[in-house]
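Two complexes are shown next, each including chain A; its partner changes from chain B in the first to chain C in the second.
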Partner chain A sequence: MSETGSPPRAILRDSHASRLIQAVAGLLDRPMAWIQRAVGGRGMAYVFLAPNILFFGLFVFLPIGINMAMSLTGGTNLFLSERPFIGGDHYRGLMQCGSYLDPASCREDHFWKGVSNTLKFTLFQMVAMVGTALVTALVLNRKIRGRGFFRAVYFFPVLLSPVVVALIWKWILQRDGLLNGAITLAGGEKILFFVEPGWAMFWAVFVSVWAHMGFYTLILLAGLQAIPADLYEAAEMDGTKPMRVLTRITLPLLWPNLVVVLVLVLIKAVQTFDEVFVLTGGGPGTATLMVVQYIYETAFANQVQNFGLAAAASMLLGSLLFALTMLQLWIARRKAA
Partner chain B sequence: MNRRHWLAGALVAAALASSPVQAQTTLRMTWYSDGNEGEVMRDLLNRFEAGNPGIKVVLDTVPFKAINENLPVQLAAGQGPDMARIVDFGGLAKFALDLRPHLANAGAWEQNFGPFLEWMREPGNTTAIPGYMTQLTVTGPLVNKTLFEQAGVAIPGPKATWDDWAKAAKAVADKVKAPYPVAFDRSGHRFFGLAVSQGAKMIGADGLPTPADEGFRRAAQLIVDWHKSGVMSKELWGSVSGTAYRGANEEFKNAQVPFYLSGSWQIAQFDKTVGNAFDWIAAPTPCGPANCSGMPGGAGVIGIKATKHPAEVAKVMDFLASEPILSEFYARTLFVPGHIGIAKKGVAYQGASAQAAAALKVFGDAVAALDPAAYRIQGNAYSRIVFNAAISRIGQAVAGEIAIDDAIRRIDADVAQQVAERNKK
Partner chain C sequence: MAGLVLKGIGKSFGPVEVLRGIDLEVANGEFVVFVGPSGCGKSTLLRVIAGLEEVTAGTIRIDDEDVTGQRAAERGLAMVFQSYALYPHMSVYRNIAFALENMRLPPAEIEARVRRAATMLRLTDYLDRKPGALSGGQRQRVAIGRAVVRDPKIFLFDEPLSNLDAELRVATRKELAGLHAEIGGTMIYVTHDQVEAMTLANRIVVLNKGRIEQVGTPLDLYNRPANLFVAGFIGSPRMNFIRGRVGPEGRLVTPDGKVTLPLPPGLAAAGEVTLGIRPEHVAPCSAGEADARIAVELVEQLGSESYLYGTLADGTALTLRSPLEDPARRGEDVPVRFDPARLHLFDAAGLAIRP
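What follows is the complex of A and B.
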């Protein structure tokens, strides 16, 4: 109560709000009770899940179904009803290889080159991303000066659009870019980063790590802060060495967060397209051509827009992603058990 | 509310319903711009709208890439605009509206756009009038004259060969430290600007693409060899993959290219952006063993079959393609005319500098030197399939990933596969 005897404004506001909520909830009471009578207590779970299932069905499962159907048809028409059924021809074409380890021996050599580049990119990027994010999280978890500032700085690139990130780095790395300016200022020769396959892949991985590391650092940081401090105090009292603390306390307790990071990094890496496409255009030659770029070009960039072949390639990519995620989760569960 | 109020309300509603604003038809035109043509087109459309208050035309300007990649998907879904400025005439022919039944004077269209209408028609159709040409383009070299003068190297003459130009440009680049002695846009169309002069035909009597012929092979070999010898830099053809376009206009504007193979559509842009930073000229297409021909091309506006207002579309097109309006369009945009009547009379280009006017003259003369094979390739419905396969695979050969023989084998396979896919019914 205030001095005048009337209730404080905040309480007034709260009581208005709660009355409003009660009124709205009251409106739902009768229909919900009616539904509960109709479907029973157990059925209510499905009623609450229904909107989400509907949303997923419409925007995830239905497109997957259409994509699957599209992959079994040929021609250049857009609508399924106007496309001839050709069975598994596109899949057979994609799988037609002398050796899967040699993309040049395959009928769809660009697809296999894309698969090979994507696997290479994923491997390098996962190691670099998880390693850098982990080290950064460990450092930012310590009581260092300017900790808040550094947390913001590492997170900032995550807020940028991938296309913006790629364009900024393209300007830095091109023939007359900032980096070559610095190199020539130091007396060196200009390096044509986008003409050498090794350099192009290196920068594709580097830029991707630079842009997304902040997000994964945040997940790991949250995990680190959830580890009880008394464990570290006990270890300190026992005189445990820092490396042993890391391997015996920090990493095992951080494992669930690491699994999340690994799965997310893996999925994002396999799906990589925009950043690398803008940065290197898939070149030099096909040195950084990713499988998603192949799908995009097959479906949209060629004069003959081969939606069927692109759909078949994306089904194969989806299957690969699914298998890799399952494998990773299985390993994580085994380790946890 | 009494009866008088009701009556007044009904009268106001009736007046609004019958006003011209309510009766207006809105048409959409998808457009892209290389230079100032978007502004000029808007100005001309404003004039059309003033004379035809019942029709409003919205100009949707999109990037060039969207014209080739997004527009076909839109059209296939039946969701496209009423008109569009396009370059892939053969590829989009099936979506084009035949304006003939709605035109006041179809004969004039036949007379002035005849050869180009063939590019826009579906195979087998000999009568449709799908649109008109906003420009005729010709590939050809643009030369940085100042760099040649600084290096003390003589500019090769009118009948110079590709080899003469390659040697001269390399000598200039070595002396003035220009990183790109010879630059070609990474485009199949520009590649054919070289290939036709080497004797490439590529289209069989049945209208289907043939396997790579000797002329095509010679041109591909030249491109690869020039990259190996440093005449061309890998940054253009070797640094990206697939069918990605990569122009060298920025490099030319920055005076890094002595010899730039592009085309007539760059003139307006260079006239404005290069200004008096350096002197540049257009040169006749270098000669190969077969001829001294470049490649024709161009852009045009077509009506779209799915439009709900074909008569209004034809009315707009009739206005835009009329001789005085189109002549003004060419004059203000510095485009080579794609209208036979205007081309014969000549265009009084407005605001063009002396060097731009001279360049336009060179490209205008180049039209007369075009080989019939060049027209045949450009007008073929499958041409972009061949163009795309060529840049994708020759790009790989330039990057050192595959040998030239493998590149040719892959081009043949890619073209055959895509032609088969397109013809699946």
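What follows is the complex of A and C.
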């Protein structure tokens, strides 16, 4: 820290907080010095990393390993030692299909229905999410009255738990919900949103966009605000029409942020579970059943709990997410460079 | 015919009045420089002319057409920004061609105009590069090229050299002067650097607190400043000011009576006045011909000349240029003589008193 940036020494010396910090630091001084003598200066880096590595190992890497082992074993027992090794049978079972385009022809038809629904959901959600977030960011980037208020309003749903979001919309959309109340009041007939497959998927996408759009709007807004204002003034002097400003200046300069948003939306969409599960329960039938819901039900909700099959499906999904995350990191690094 | 006429221009941002009652005429082909300290409103005035800011009062006419309510794009002007404002994702060629594409000119004409501008500005080898791969000077030339290629009614420059280093500034300044001589367009240039103003301008407009203090040729402003502000702003180091009263013998007497100095000949002045003299018009002399003595506090040696900073007997600061390589030392008491033909006198309100 620079001289000017640090607080005056007198204040630091006198504050209670600093005395407490100094006392704690004093207590740690001796053991730390002892550890440093034992492991050397370079080794200290690993000492400081150790707690985090342990935490990650215990709650991330170990479960991945157990999951992998689960996917290669059979039976209904939860303990690995009691489960017989069956190799790639679960994977083969999941991939066994007459045609991958027709989930009904697959041995694990619900898995493939989940894949198909997740793909549809992802595609619709990506277009709707990026489109809405972009338009909202463009509007909020203008000097409009109450801009701060609107920025907060659009961000608030992001703070809500997915279950709360889904419950709110369930109350609005159910047979005797708010929306149907309004429709009947206007003289229309009630629509059974959760009974018609098309409507159910539409609302699953809509609610997801409503809940998360604020976050992506924020990323895009940050990108828009990083575009120097004088570029727009130069464009104005150059006689550029607004649509051309958007397509030739704003969007190309926003492109790195847009790509980050696209990949993040993609990853989130593939992972979708809680909101849609609470909202539609995957129904009607399997119309909004997502892959993650299939994994959850196969492992925990079905009468016969097939941990191995669920683990194999989650390994496949995990591989896809890993690839997408690598893509996102690559893009982010390229942007930073 | 005047290329640009400003009448009663006022501009406020909320309660803050940035420009007040600006009246100015700029003839076609003129190079006019707006100069003034930070916050004087010079950049705002340029942006008002450009159409990037709306006026709160007054009218703007370009080539006898009232353009006050017109958008920037409709005014037919081009602007070179302080930050260059080049589109970072476009090549130099695309940057220069962008406005022409907006005008929907035929591709062949766009190509011809871009190539012509690039040749003139020595950018031909860089047309495929992005702005990020150019030096500051090259970027500046691209920004100028972007303006030139449009053949605008007026070129507007907003402190275009302020991001360049000292050497490049001098070189680019010469290029701009050459460009004006070559294409002969009307140019309005904003700077806080009076050397740029003096070297480039046909006429300089000195602004202070949103008002025009004086408009004139560079030498007019240097030799005949209208008031204390202009006298102090134009010239470096700034003009010396000595406050006092006109004494019974027609000489200036400082308030404590310790210093008496000659007044400019032929001026009828009385009461409170301020005497002004530029450092280059005060010279060390022999004790017999001295008008005053200064106690030297600082000596700046610039090689070809030196500046002495000191105080008169009453404590008034005085700077003078000494042609000697080893003029005086700190703490010395130096007799000095004022060039009587170069004295300026200002009344109590700060306005120049002229014969």
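Quick note on the criterion: the second predicted complex is superposed on the first by the 263 of 337 C-alpha atoms of A that agree within 3 Å, B and C clash if a C-alpha of one lies under 4 Å from a C-alpha of the other, contacts with A are read in each partner's own complex, and residues count from 1 in each chain.
Going forward, a residue touches a chain if its C-beta (ideal position, glycine included) is under 8 Å from a C-beta of that chain, and two chains touch if they have at least 3 such contacts.
Note that the coordinates shown come from a computational prediction; the quantities given were computed from them, not determined experimentally.
Colleague: Using the overlay on chain A, decide if chain B and chain C clash or can fit next to each other.
Modeller: Here the two partners, once superposed via chain A, fit next to each other without clashing.
Colleague: With the two structures laid over each other on chain A, which partner does A:Pro84 touch: chain B (first), chain C (second), both, or neither?
Modeller: The first partner, chain B, only.
Colleague: For A:Asp238, using the defined touch cut-off, is the partner it touches chain B, chain C, both, or neither? Pick first, second, both or neither.
Modeller: second
Colleague: Classify the contacts of A:Glu275 with the two partner chains as first (chain B alone), second (chain C alone), both, or neither.
Modeller: It touches nothing on chain B or chain C.
Colleague: Given the superposition on chain A, which partner contacts more residues in chain A: chain B or chain C?
Modeller: B
Colleague: Once both structures are overlaid on their shared chain, how near does any Cα of chain B get to a Cα of chain C? Whole angstrom is fine.
Modeller: Here the least C-alpha separation of chain B and chain C stands at 50 Å.
Colleague: Need the overlap of the two footprints on chain A, from chain B and from chain C, as residue ranges.
Modeller: Common interface on chain A, chain B vs chain C: nothing in common.
Colleague: Where on chain A does chain C make contact in their complex?
Modeller: Chain A residues touching chain C: 228, 230-231, 233-241, 244, 248-249, 252-253.
Colleague: Along chain A, where are the residues that touch chain B in the complex?
Modeller: Within the complex, chain A contacts chain B at residues 74-79, 84, 86, 104, 107, 109-110, 175, 192, 194-195, 197, 280-289, 293, 297, 300-306, 308-309.
Colleague: Which chain C residues qualify as touching chain A in the complex?
Modeller: So the residues of chain C in touch with chain A come to 50-52, 71-74, 77-79, 81-83, 85-89, 98-99, 102-103, 146, 150.
Colleague: Where on chain B is chain A touching in the complex?
Modeller: 68-70, 72-73, 76-77, 88, 91, 179, 234-235, 238-244, 246, 382, 384-385, 388, 395-396, 398-402, 406, 410, 413, 418-419, 421-422, 424-425
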